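First chain A sits with chain B, and in the next complex the same chain sits with chain C.
Here is the complex of A and B:
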């Protein structure tokens, strides 16, 4: 899968059909609701997880894909596991372990909120192409300069990966040993070349864009159509439900 | 009426390499001209100057009555459509239709007007079915046609193609020739594929060491074996100019 496609999984589910801008707003609202939920309301986090699982099912995203993509939060996981041993406070006994109770809650808080946040973001990423996300942000009046930088970062990341892949294939074709650390030397030596080649290719890409009238502004707003009331209400259903749960948990906890 | 006027064009790269050394060339409206020359003759540099993508060391380029300079760049780039050699460098939007729409969108077209332009350009190159596919999933022949559609969508006065036949199989090569014949009113074909030049262009210019070394009817230039040899050009093995010309007359 090329970086241009990102995490997008082509499909035609109701979640896919929602306009990118409403999905972005829904994601932000949903994440805020999760963050605002008191950590003691364990049932609320269960409800959020069910809600997100429902969305994944609706978008036909397989569980294995979600789990492998969730690895991005592993640094937070390590921190969450460390909290019970690092934070001071009244101790509780779990089998042969003695851990701190506030630390346990802090770890749980981080673990639950980070995981749910990542999953919610994956719902957006799996059902919206990168260009759609950019177009949606443009529709939401995100500053032009940020969009341009993001669009070019993605474009050039793709070019660089393509260069590295080609050079690696060319090395393999000349009997390079691609195993583990052995290729590090060749890679290090070729990094400078990768930079120059990507730079020159970037220049050719720029020329091709300039030849078609590019003046520093990508026509990103070409794609996304405005979203109607139906789209907004459909997309905001999940965050509204989450906000309800959060409010309930905060008041009655 | 002259579609393109190049006079005394010189280009020296920052490393001192003199790629163009005083090029004079005039192309009339509706003319199809092949720019022939060995590798490193300055063909691509010349092409980049036509859209104002490089700044000339000396000399001028005019498209129609508009001179290439900083304040006319937008108009020049609408008038001159360049199809680059590598589709990978040119196609970058997520779908073929988005990419074809990139140029017209830069011209300020939006909504149904833009969609109509894109649809017409895709129909011209026979890619209407693939409008929603990502360009990097197409074959090289299709990619080159998509790149051409991206240029045609801007309704240029002159179409410039850099090595359009490179890496194409014979059928894709023939398809592209037919499309170029039907869609490009004034065509500049930058190539060292001599039979392709003969097929598409009635006039040929040999560029060597940054200068125009010969200019005349394509058939006459290709018949001059000595001239071709002097400029490191030659017809493919087994190619018969007489047979080709007879086939073209038929």
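Here is the complex of A and C:
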């Protein structure tokens, strides 16, 4: 699978069959609920994790895959680990370390929310093909011009990425042995070549489109289907539950 | 290979600040669409699409930073130098949105923050630095290389400074440690920026030698040849 295809895992589960627009709205709502939850409500985060794990199970996404993809947020974990030493407040002793209590909470807050946020986004990414996401965004009244550019970008990214890979192979085949910093020059020059090729291809594509009567509007090749009340209520069940938990935690904390 | 992402996750910056930056980002991206369309008319969609595909490919190239850690280009300065700040920021924005929705990289609630830092701030500061530097430096291959290198370093540091500002406005209260944290973040990004600068300068000069008309920052004039090259 090309790296441009996103993280989509083909399947036919109830989560896959939901319309993309309802999944996007559900993701945004769920993420807001996570963000609004007070950090002291540890049980609420556990409930969110169970909820998302249930969705992964329903969509037949293996947990190992989810964990390996969760690493994308690792740079921010450094910040989470630094908080206990940076934030001022009453000190607590953890073995030989003396850290601040609010700092520990801040670190936990970042760690828990970032991880849950990535997991929630993975539910959408794993169960929705790229064309579906674009159709969903179009249904949600996202500006057409941005969607058209995105559709073009994804379609041709397969080509540009293949070109970069091919040029690297060609270099290797000619006994180039790229190591550490010495490969920077060759890498940069091949990028330059790929840019010229992409731009020239863009002009050729435009000419071909103009020859076929293109005047600035594109008939999108994916007709977004409307979602019924059943779809909306099914997809919004998870974020509604999360919002309930967040409200409960905020009121009774 | 480790894919290090710099995209802000959920709730590092609080709701009101995220919302304010989302609004700012929407206005900025709207302005980018209007200006780019004025320059390109109906060519906007295919050309911006292909340029975005190129930025995508550029970000796929991983290069080793230290043992076990590899980085990839942010591409803000690269896009700005080749495409101009408006179209450049637009292309990087599309890449960031794709990464948030299809790769779970960066929270959907932090999209505005990420777009402001990596697309808008990076592209416009980068372009500003190139234009200023080219007024002082000779318009040769070397001069352009130095200008683009400086632009890439400044754009990466400016993008991280954008994050520091957002964190100051709506992040965790860290009191007196804020200075130390800001220094650590900016310092790391100077190093990242140097790597970004080397690759970006190489790529832009390679384009400038072959097709100077495609380098937006040169504004249609080819590079002056040095005595050695014209022999």
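In this text, the second predicted complex is superposed on the first by the 216 of 253 C-alpha atoms of A that agree within 3 Å, B and C clash if a C-alpha of one lies under 4 Å from a C-alpha of the other, contacts with A are read in each partner's own complex, and residues count from 1 in each chain.
Operating definition for what follows: a contact is a pair of C-beta atoms (placed from the backbone, for glycine too) under 8 Å apart; a residue touches a chain by one contact, two chains touch by 3 or more.
Since the structure is predicted, the reported quantities are computational estimates derived from the model, not experimental observations.
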Which partner does A:249 contact after superposing on A: first (chain B), second (chain C), both, neither?
neither
Where does A:213 make contact in the superposed view: on chain B (first), on chain C (second), on both, or on neither?
first
Classify the contacts of A:205 with the two partner chains as first (chain B alone), second (chain C alone), both, or neither.
both
Is the number of chain A residues in contact higher for chain B or for chain C?
C
Tell me which partner A:238 touches in the superposition: chain B (first), chain C (second), both or neither.
neither
If we overlay the two complexes on their shared chain A, which of chain B and chain C does A:25 touch? Say first, second, both or neither.
neither
Once chain A of both complexes is superposed, is A:130 in touch with chain B (first), chain C (second), both, or neither?
both
Once the structures are superposed on A, label A:160 by its partner contacts, choosing first (chain B), second (chain C), both or neither.
second
Would you mind listing the overlap between the chain B footprint and the chain C footprint on chain A?
4, 130, 155, 201, 205, 209-210, 214-215
Of chain C, residues touching chain A in the complex:
2-12, 15, 29, 33, 37, 41-54, 56-58, 60-61, 63-64, 78, 82, 90-91, 93-95, 97-98, 100-105, 107-109, 172-178, 180-181, 184, 195, 198-207, 210-211, 214
Residue numbers of chain B touching chain A in their complex, please.
48, 51, 53, 74, 77-78, 80-82, 84, 86, 88-90, 92-94, 98, 101-103, 105-107, 110, 114, 134, 136, 150-151, 154
Contact residues on chain A for chain B in the complex?
2, 4-5, 129-131, 155, 162, 201, 204-205, 207-215, 219, 222-223
Could you list, by residue number, the parts of chain A that touch chain C in their complex?
3-4, 6-8, 24, 27-28, 31-32, 34-36, 69, 71-76, 79, 82-83, 85-88, 102, 106, 109-110, 113-114, 116-118, 121-122, 124-125, 130, 133, 143, 145-146, 148-157, 159-161, 163-164, 180-181, 183-185, 187-189, 191-196, 198-199, 201-203, 205-206, 209-210, 214-216, 218
